[in-house]
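The structure follows.
Naming follows writing order (A, B, C and D), and every chain is counted from residue 1.
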Amino acid sequence: MKTLLRWESALFVLLVLVVVGGSAATGGSFLTDRGAFNVGSDLAVMALIALPLTLVIVAAEIDLSVASVLGLSSALIGVLWNDGWPLEAILPFVIVVGAVCGAVNGFLVTKLGLPSLAVTIGSLALYRGLAFVVLGDKAVADFPDSYTQFGTTPVPGTWIPYPIVLFVVLAVVFGLLLHATTFGRAVFAIGANEEAARFSGIRVKRTKFILFVLTGAVAALAGIVYTLRFASARADNGTGLELEVVTAVLLGGVSIFGGRGTIGGVVLATLVLGGLTDALILDDVATEVVTLVTGILLLASVFAPAVTHRPTRGTP
Amino acid sequence: GGTTKNNSGGDSGAGPTSGAADPNAPTAKDLKITFLPKQVNNPYFTVAQGGAEKAAAALGEQLKATGPSSADASSQVTYINTAAQQGQNALLLAANDSNAVAPALKAARKQGMKVVTFDSDAAPDARDVFINQASSQEIAAGQVKLISDAIGGAGEIAILSATANATNQNAWIAIMKQELAKPAYAKITLDEIAYGNDDDQTSFQKTQGLLQAHPDLKGIISPTTVGVAAAARYLDSSSYKGKVALTGLGTPNQMRKFLQDGTVGSIALWDPAQLGALATYAAVALASGQITGKQGEKFKAGELGEYTVGANGEVVLGPPLTFTKDNVDKYNF
Amino acid sequence: MRIDLAEVSKSFGAVQALREVSLTLVPGRAHALLGENGAGKSTLIKVLAGVHRPDAGRLLLDGAPARFASPADAKAAGVAVIYQEPTLFGDLSVAENVAMGRHPTRRGGMVDTAAMREQAERLFERLGVDIDPRRPARGLSIADQQLVEIAKALSSDARVIVMDEPTAALSGAEVARLFGVVGALREHGAAVLFVSHRIDEVFELCQDATVLRDGGFVWSGPLDEQTPDGVVRLMVGRELAALFPKQDVVAGETVLSVRRLTREGVFTDVTFAVRAGEIVALAGLVGAGRSEIARAVFGVDRADAGEVLLRGKRIRAGSPGAAMAAGIGFVPEDRRQQGLVLAASIERNTALASLNRLSRFGFIRRSAERALARDWAVRLRLTFARLSDPVGVLSGGNQQKVVLAKWLARQPQVLIVDEPTRGIDVGAKAEVHRLLSELAAQGVAILMISSELPEVLGMADRVLVVREGRLVAEFGRAEADEERVVLAATGVAAG
Amino acid sequence: MIRELGILIALAVVVAVTALVNTLFLSGQGIRDLLLNACLVALLTVGQTMVVITRNVDLSVGSVLGLSAFVTADTFAVNPVLAIVVGLVVGALCGLLNGVLVGLGRVPSLVVTLGTLSVFRGLDFMWAQGRQINAANLPDGFLALGSGSVLGLPYLVIITVLVLAVAALHLGSYRSGRELYAIGSNPEAAVLVGIPVGRRVFTTFLMSGTVAGLAGVLAVARYGTVDATVGTGLELQVISAVVVGGVAIFGGSGTVVGAALGALLLSTIGSALEVVHIAQFWQQAITGALLIAAIALDRSVALRVAARLRRQSRGVSA
């Protein structure tokens, strides 16, 4: 606990540096209302998925299929909209589909006992493939303004993007779930010592299954946010996002071996990553440097003192 | 009643119109212009950027290039927002996804930034002017003619396109289909449209797949610089060399080797440097108030001459060039 | 080669596993290392093997100072070790397990597979066992695993052979063969260090002995100066009787009954019952299947056939949750792996099995959790700094108390304890016994598994003996004695 | 061996069915293409297999390949021989960095290589500066390496098979190779038998990097066009091939030959789907489903074997 707090303070300091440095380097345009709105909009999708994925990784599993579920959700929105479904029906429907995608992952991992890393590399291809199967190469864009405003305009009178409101709500929900409930205790126990958890009567498989379902549902929700923000439903939306999300979670101090991590840390990490990316672009730093910095930050996170007492070696 | 497609209002209210054009307004200096290609590592856009930089220098404007490292739909939005935030006067954009960029462009235009799209258009109500490399009709008809000539007017052909939802590609493909329906091409059948995603290796393997899937294939049209180069390299290294014709849109530098050794008979392309330059002139004219993007307005484009804004705010660069082994050495881009 | 360990100390966090212990191994002699569970025997061996680096003390090889920075160093110096826990590579063949790190090679450095197999076959022949060298090590029985470990150590022609409880899982014939082989090696000038809880074996094989108690050095010398009883007194440090304060209680009605429980390949047709206030012990050799029975009763493993009833009501199979709801608690044998989340705090570990009653609408009531942990810490006389400290820093005995607290907090009607005193010090052991006895007096039905016969005999009202997965004998408190139990457990006469 | 046989059978079925639909699939050109397509991924699986056997993973291979490819292509202007050497050295250096961090620094490989995946790609972009190097900039002799063949066997295939053979021999018949299996099978026990675990793990990453560097050089020869995005996303293909090829993701078992066959199977399925006119959009979905099926099949076989062994060792019959 104590060491984790220290890593979170480090992240917080980093965030302050990003904000101050970003503002200075860009002549103050970084955190104008519009700047803040842009940062928020840019990081919201990644940040949303990071929340349930944090729980999955704390439970010592992983889900690499999240970006593909996002793509499938986006593609479905496009197809159903073209078919004349009302959005009021489409949106809940795709969240259910996302949950089903997560349930398939969960089934393979818990019922068949397959390693989640391998399973979700497979379902990464499968779900993305299905996205192309349903929508093909089309792009569907004629969504009503009343909906796309959710992704493109701030909450009236503020600079806050609606997706960030959603993110804050979910961050509180997931934070409470992980840190204040019996379910969260079970997640930590499973991640730290699955056998001991089982011997304590914790329903390990069911808990993991629920985590995968939650992750699928939130990934689909992120697909909705993505689609509305860009007013464009496409099968290839969010390609490659999975590595970004995993990066954010690990940067947030969550142990890849499970059993350790906080929602607070991950929230800070998403802010640092999102803020840093936008600040660098705004400062005309080339895209390649942004990639480089992200990688270095991740490496730094594992070498930070907070995590030096990791187990020497373990599963990948 | 919920919000269904059929009762949706759709996008209404085009961008702000800034009054009437004044053709005689002085050309503004020191304008800040952002050049935003589909992706930063595409050599075609690097050439276009060169043209844009030269034009900007000639006019005394400041131009900088930026952009995402991969050509996916949403990645340009951050850069558009950034340009707006930086208070840039104009944006030159080759859109990856005409719709995904629209909301950001609209917001930027509200702040007074002029938006000129080139190569690949954004939704028309989200930009001021679109610089079309050549009229779609001309390009598509030209490609069909080139392949028809190469295969002797009869046989199976296929198209190797870029990404499945590239606006310009799809427009051309639609016209190609219309062309092929004409009696002159009655003996030509279009077998398949494959997508190489503007990725070299994917295009390479798609070519291979096309040739295997259609044993009687006589020719391939690849209206994308990445695709045509990859297809040429595959043909060059395979037993299909000389048996299957290839044409498309390609840069002379990339295709020189294959034109000279006979793998490819002819290809077409406009000069991307001119495209970049024209986009810059249009942007400066817009920012100076000389044009507003309405049909019929005229503006000067340096040594390229004078251009007129057409329907839908489109400006056409001119007819594409055709390269063969006889003339390819005269070009360097 | 002569090896001297001089005044070696080693601690793990709060646990001082070794305190200035000295030991000398001489060529041609077998040396026994004796002590109760947790006395520090395995730790001393790991120091000798280069696994642990001692906090203080010296190592002398033939009188010259040396340092083992890693197991590779010790190996290179000619020390071969058989560890207490099997260290096999499940994916690899048995032959390769024997050869690992010392593969026979042909010219050009290629591994000679045929030679590898022959080597394994030769060693197995010497040990008189029949294991197919080509099969993977995964799935070997505990006894076979132990034999492969022995073959592994013998393959290196080491000058010093260290064996940590190699015989625990072996039958009489196998033990005799092993002793034959070790005797031969010793006569060829090897030094031997031997750990066993079977005192008769020690006297049979060894010439010298060292006794440890609670990590400290107690006695060292030639064994012909000692009697078995004297050695045990040295190990325990007090009269045995004081250790097992079982109170007499009148057993009540039957609480737990197990009927024809079977798990294929592990145990068969197990039927028994435990009454309120009664302590029933499952005795048997290591690997006999006692733990597996307990796991199936608690539902961690699913039995293939049979049923478990609590006060006549059948419990859903394969669900620890159902067993807990019915009132069963389970203190597993492997404290660190199965009993505790070592990285989590004392508080959280104590609460782990009681989360439901500590929460309202799924939210944990922190104050209730803390109160629960504090209450039990006091009642079990837990020694700790803060309740928020990770359990991993506690000593073994205190860790075991936390596991007990975790289950006692649920006030179970049946408590299954598997090796409840494994690896904890004498004082803590006595306290655990007192606790179990008190619980029984309060009417809890207790099923106890223990590999220590004195503990079984001292605590149990009834003793059930398990051999190769079957219940083979039952003794009441009065009729149970060491000889009968060992006879039933091994199928041959003891001693 | 059984595993490899299984993949070969699957491969035979796929090829046979496809050839029935379209005989060109088994023409000389068709077979050449099948092999060539699989080559680069197969090569990468060699390094990846070694890493995965030790219970680690290398996610950075795609980026290493990309960086090495660009640097190689760029150095050609200076000196062709130097270029190839430089490509290999770049790969080796990348592997060295991963190896130091994982093997000696004892940091989880998933995190490290996820980080270096970004770092190496970033370096690639910085080096390339938006340029593309085309076939016209490269010497024909070098390009022939990518497309030419001797006795009908493409050079690329020959090189891949050679690397594969060396690695298979090393893993199968040399101590240091056998020790990799021990490390993945039981890391703690590996330390106890005196295996220098850190050094071995370091070496596998070094090999993985070097092989990815070689693959980068060959990618230049094969495709003749290089920009900074070459090899993006390749890591997941490589891991898929390794898993389909029967290498346990948690270490301890598997062979490079199996993994390479896995690569061949996946790329052949890709080509076959195209040839039998399965819409492009289905291909990815089918690949994903196959991958999951392969893992599930593997698992059920493993469980059955374990159950059999358990029964055998106890000699108990139900």
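Just a few scattered comments:
The rule is simple: a residue touches a chain if its C-beta (ideal position, glycine included) is under 8 Å from a C-beta of that chain, and two chains touch if they have at least 3 such contacts.
Just so it is clear, the structure is predicted and the values come from calculations on it, not from any experiment.
When the interfaces B-D and A-D are ranked by how many C-beta pairs touch across them, A-D comes first.
Inter-chain centre distance (subunit A to subunit B, centres taken as mean C-alpha positions): 35 Å. Here the spacing of subunit A and subunit D, counted between their Cα centres, is 29 Å.
Centroids of subunit B and subunit C (each the mean of its C-alpha atoms) stand 74 Å apart.
Residue numbers of subunit C whose C-beta contacts span two or more other chains: none are found.
Shared interface positions of subunit A, defined as residues touching 2 or more other chains, are 136-137, 240, 286-288, 291. Residue positions 125, 228, 280 of subunit D each touch two or more of the other chains.
Pairwise, the chains that touch each other are A-B, A-C, A-D, B-D, C-D.
Of all the residues in subunit A, the ones that touch subunit B in their complex are 26, 29, 32, 34-35, 38, 41-42, 81-82, 84-89, 136-139, 141-148, 151-152, 226, 229-232, 234, 236-237, 239-240, 277-278, 281-282, 284, 286-288, 291.
Residues of subunit D that touch subunit A in their complex: 52, 55-57, 59, 101, 105-112, 114-126, 187, 197, 201, 228, 233, 236, 239-240, 243, 249-250, 279-289, 291-292, 295-296, 299-300, 303. Contact residues on subunit D toward subunit C in their complex (touch as defined above): 169, 172-175, 178-179, 181-182, 184-186, 188-196, 248, 252-253, 306-307, 309-314, 316, 318. Contact residues on subunit B toward subunit D in their complex (touch as defined above): 39-43, 46, 69-70, 194-195, 199-201, 204-206, 208-209, 212-213, 215, 229-230, 233, 236-240, 253-254, 256-257.
Of all the residues in subunit C, the ones that touch subunit D in their complex are 49, 51, 70-76, 81, 83, 87-92, 96, 100-101, 103, 105, 109-111, 113, 135-136, 138-141, 144, 152, 262, 264-266, 268, 304, 468-469.
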